[in-house]
Amino acid sequence: MLVHDVLAADPLIGFDLAALGRNFWALTVDGLTYGAVYALVAVGYTLVYGVLRLINFAHSEIFMLGMFGQYATLLALGFYPSGDAFDKGILLTVLYLGIAMIGGMVVAGGAAVGLERVAYRPLRKRGAPSLVFLITAIGASFVIQEFVHFVLPALTGGELGGVNAEQPIRLVEPEVQFQIFGANVTNVTLIIIFSALILALATDMFINRTKFGRGIRAVAQDPVTATLMGVSRERIIMLTFLIGGILAGAAALLYTLRVPNGIIYSGGFILGIKAFSAAVLGGIGNLRGALLGGLLLGVMENYGQVVFGTEWRDVVAFVLLIVVLMFRPTGILGESLGRARA
Amino acid sequence: MSNEPGGMGAGGDVGDAHLSLSADAGEPMAEKYLPGAGLDEPVLVDVTEVRPELADAALVDEIVAADREVLAEVGEPLLKMEDVSVVFGGLTALDSVTFDIRRGEILGLIGPNGAGKTTAFNAMTGVYRPTRGQVRFDGQVLGKAKRNQITRLGIARTFQNIRLFNEMTALENVVVGTDARHRTSVPGALLRTRRHRQEERDAIDRSMAILEFVGVGARATEKARNLSYGEQRRLEIARALATEPKLLCLDEPAAGFNPAEKEALMDLIRHIRDDGYTVLLIEHDMRLVRGVTDRIVVLEFGKVIADGSPEDVTSDPKVIAAYLGVPDEELAEGDADAPA
Amino acid sequence: MSTSTPAENDGAPVPGPAAPARPRPELPPAGQTPVGQRPHGGAGDRLRLWWDALARPAQWAFGAPFVLFIALLPILNIPVLTTVGTNFGAVMAQFGMYALIAIGLNVVVGQAGLLDLGYVGFYAIGAYTLAILTSPDSPWNVTQPEGWLSDDWAWLAVLPVAVAITAMSGLVLGSPTLRLRGDYLAIVTLGFGEIVRLLADNLDEITGGGQGLKSVAYPRLGVTEELPNGVFSAGNVGSTLNSGVWWFWLSLVFIIISLLLVGNLERSRVGRAWVAIREDEDAAEIMGVPTFKFKLWAFVIGASIGGVSGAIYAGQVQFVIPTNFNIINSVLFLCAVVLGGQGNKLGVILGAFIIVYLPNFFLGRTSLFGIPIDGNAIANYKYLFFGVALMVLMIFRPQGLIPVRQKLLTYGRELYVAARRTLAKMPDGGPQAAYATSAPASGTVGTVGTPGSSGPAPTGHGPDGPDENGATGNDTTDGGNR
């Protein structure tokens, strides 16, 4: 049984704790799929913030480009937005999903690095204050959105972009595989949670175990000393944007599996805000915090929408953010990647 | 060049030299600000042109003078550190420190690096709360007072690493200091009540006098960040003085000064004391401390190891041991690079 | 992003031949010292210098006709300036609202340095308060026939309520969040703006949900045979003096009031506190500024002005729906402030004008100066252009079109005038020459209050008796430790 079936439309703010009790596990599992997407996008925010002290406002647009990237890849592979599920066996499905994901990663990762080059690097060279960076990020966000809105359809002959959302290409149709505590687990849920888990583990290993990861942490802690110790700050910054972009691209594919109708130029905005909230929730600058915050936000949001009504889903997310910040101003896990600022 | 280069006039000796620009800075300043020396053309202003009365040093002293009600009599303790300890995690930065600052004196607080000077300073000014013990200021325990309240109670400070409001002019910086004593707030300002207007006028008059007093009057309309290093240090003192403190705390005000500038600074500090203020001086430079203070407290490893007159303290074997083998010159950690 | 510490600036201008070769290490990084911000250079500064040197009456003499010109702009029908695709009066009415918003947001962002990305929330609360209290669709309608309030006065009567509720919402949002750091504040306010919109969308029974609220009250003035609902009615279309023009004039009144009040604050301890907080919050706190209190005030004042604008909006279109309060509006408002010049009141009004006017300028235009263009397409791309403009501006002119030169003092203007006089003399012999000419004063108390001093007479220490400073200061000095 899917979550949306149990939600009754309620005119004013409802309050139905019983519904939460009845569907607790179903909501948890479904919340985790959303949470996994938030978590992957949140990593992009958190890494950039950790290294540059910058809210990369345009990261949501990177995510949106990732959605178009995987969509274009599937188009190129010969799929059509027909609505019929792909049925050539599990292996081929996974293969094509993998290729689509890589397509999304390439587009999003490339866009993230490009954004860094074009928008942020000139400002860094000038030593601009942080507000200037943020406003540039907002400007870049406009530009990317409008690019997809107006320019991309002109470039692709109307195949991609434009005013209307793309019809989804469904490789996987949700199908119940098994049950946990009475909650249905679909193949889509499994794909999302496993892919996210693998990516999260890989990122964590990369940051904590490799030379590059050490460089990122060093720059986050003390850019000046790190530079003196021979770490190339510029390269680390580029790497940070690349990782964030790649994960956003992967998240884009997973998100379209769960919510297949969001492939539109404005489709990244709310998700971006939530992913940023997730990063702040866990403690911005903190990789594991972003992952934890993402999952927590996804799950809590799902509980909230059952208790208060679907239309309050986003409100629950923002109120949760405000409440957590009230009591733990540095987020749940604190800001470990970088130093805390006064 | 005069024997007080770029610095104060002849201290508090009324009638000798006055503190107007012509006396204290005429020649050196004119030399200093050659046109084209930098990208930013410096703007000098003759304050006496608009405030002729400020040409009178005695009047400037009078305007700047400490005039707040202080409970403590002159010579009696104004601030008492009573058995104060500050512990960070496992580290005891201050260990049962007890000393007092008497009204009207210049107290030097010295000690080797890491001795706890800055911690003691921060405990006094409300940045840290003492783990044990208390700070009693003019009859009042500084327990839960916020930092801005402590300033309004009468403890003002300067910063070791200058923290001026760079985009404001020198005059505006000082006026921010006077704002600590304002009584009108947003409603008064919004409606421009009579009292508010009076406060604003008084604030500017007093601020101009303070700028003249510390010797940066000519730069009143310049943005703080365009001031020279020495001027910025003086401006910090001016801003602190503007809050009408009962106790003025100077955190290494001579850092980065050359000997001539230090000399001028000593004059200024004495002049501030003579104008009725109590001064706490934290300083590395032994010569400066010995030359200007009335009393010295020496900290080492978070404990008070000596407390007495400059002569007694500097001949105290414990103090000598603390600074063993390190001559004064090396204790002074300034570079002699700053403008003369 | 290293913050420049002045402590390292040991290289002040030094006399002698070595001076020019010496680098000036204390100069902040280029982005922080844009050319326009360097003291006293460029045409804008000359204009400012000229303006500041004028006496108050002269400033009024120049200022009043200028304001009059702006007010008459929508009915003068100046060829290229007038919009073709939309009614110019309506465009100017929208500009009026945006200008008010820009002034309010400028208090928060430009003056106090608090990044508020949810400002549209306050605008929405102002608009919805008015709509909920005066729309017949709302259960809480207070106007006739259901309520007791006459339609004639409804808009004006509810306006203060709308402002009060918006101010309160600023207080409610600010008191928990203003203790947060700057970056967190941005995201929390963003969330707030979105929450307000979602509330408007989902509280169907009160706000009408996605349907919105219709027939919102507006001032019933100038009722004639042709205009049974007065000049502010949306029915007043077509003629030169259409409702847009009237709303623009009404906004103009509020703009001038806001400018005067905000100006009063700016030139007082409040404005100084805001700038001090923006520059170095910790230092401000230690210098005795109650930072939290003043940040909260900035929020509340900004919110109130946003509320006024929202109420004007609701009255003008007589109709509110949630989609008009999207987050994208917050970003546009921020654009106006940044584009014009954060902290500069006139600058942000110019920013608001550009944001509103430019897309409308191109709308429906098929040629410009004889060159054929597709104006509608250009107008469509407005977000693209604003985005590019923001990015380019941040790289080359981060301080905005009219950079801030805030005046933080009400009095003491004569000192600044004197400084500029010194400057004006400079080409002849440099500052030191100008300096030498100002003969040292005689140094006696007798010179106090000479007629030569311009502006408000020096007070406090004048011949009308020593003030408290002088009197008690003497005592303390004498009692000082010698």
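The letters A, B and C name the chains in turn, as written, and every chain counts its residues from 1.
Everything below uses one rule, namely that a residue touches a chain if its C-beta (ideal position, glycine included) is under 8 Å from a C-beta of that chain, and two chains touch if they have at least 3 such contacts.
All of these numbers come straight from a predicted model, not from anything done at the bench.
K.L.:
Quick one: most central chain, C-alpha centroids?
P.N.:
C
K.L.:
So which has more C-beta pairs touching, B-C or A-C?
P.N.:
Between the two chain pairs, B-C has more contacting C-beta pairs.
K.L.:
Taking each chain's centre as the mean position of its Cα atoms, how many Å separate chain A from chain B?
P.N.:
52
K.L.:
How many angstrom between the C-alpha centroids of chain C and chain B?
P.N.:
Their C-alpha centroids are separated by 36 Å.
K.L.:
Got the chain C residues that touch at least 2 other chains?
P.N.:
As it turns out, chain C has residues touching two or more other chains at 28, 282.
K.L.:
Residue numbers of chain C touching chain A in their complex, please.
P.N.:
By the definition above, chain C touches chain A via 1-2, 28-32, 113, 115, 176-177, 179-184, 186-188, 190-192, 194-195, 198-199, 201-205, 282, 327, 331, 334-335, 338, 380-381, 383-384, 386-391, 394-395, 398.
K.L.:
Under the stated contact criterion, what part of chain C meets chain B in this complex?
P.N.:
4-7, 9-15, 19-20, 24, 26-28, 38-41, 261, 264-265, 267-270, 272-273, 275-276, 279-280, 282-291, 293, 297, 301, 408-412, 414-416, 418-420, 422-423, 426, 430-432, 434-436, 438-445, 447-450, 452-456, 458-461, 467-474, 476-477, 479-482
K.L.:
Mind listing the chain B positions that touch chain C in their complex?
P.N.:
Residue list for chain B touching chain C: 18, 20-23, 26, 29-53, 55-57, 59, 61-67, 74-75, 103-105, 125, 127, 146-148, 151-152, 156-157, 159, 161-169, 171-172, 175-177, 179-182, 184-186, 188-192, 196-206, 208, 218, 220-226, 228-232, 239-240, 243, 255-256, 273-276, 294, 335, 337-339.
K.L.:
How about chain A: which of its residues touch chain C in the complex?
P.N.:
These residues of chain A touch chain C: 11-13, 49, 52-53, 55, 118-119, 122-123, 126-136, 138-143, 145-147, 149-151, 224, 269-270, 273, 276-277, 280, 284, 309, 311-312, 314-315, 317-319, 321-322, 325-326, 329, 341-342.
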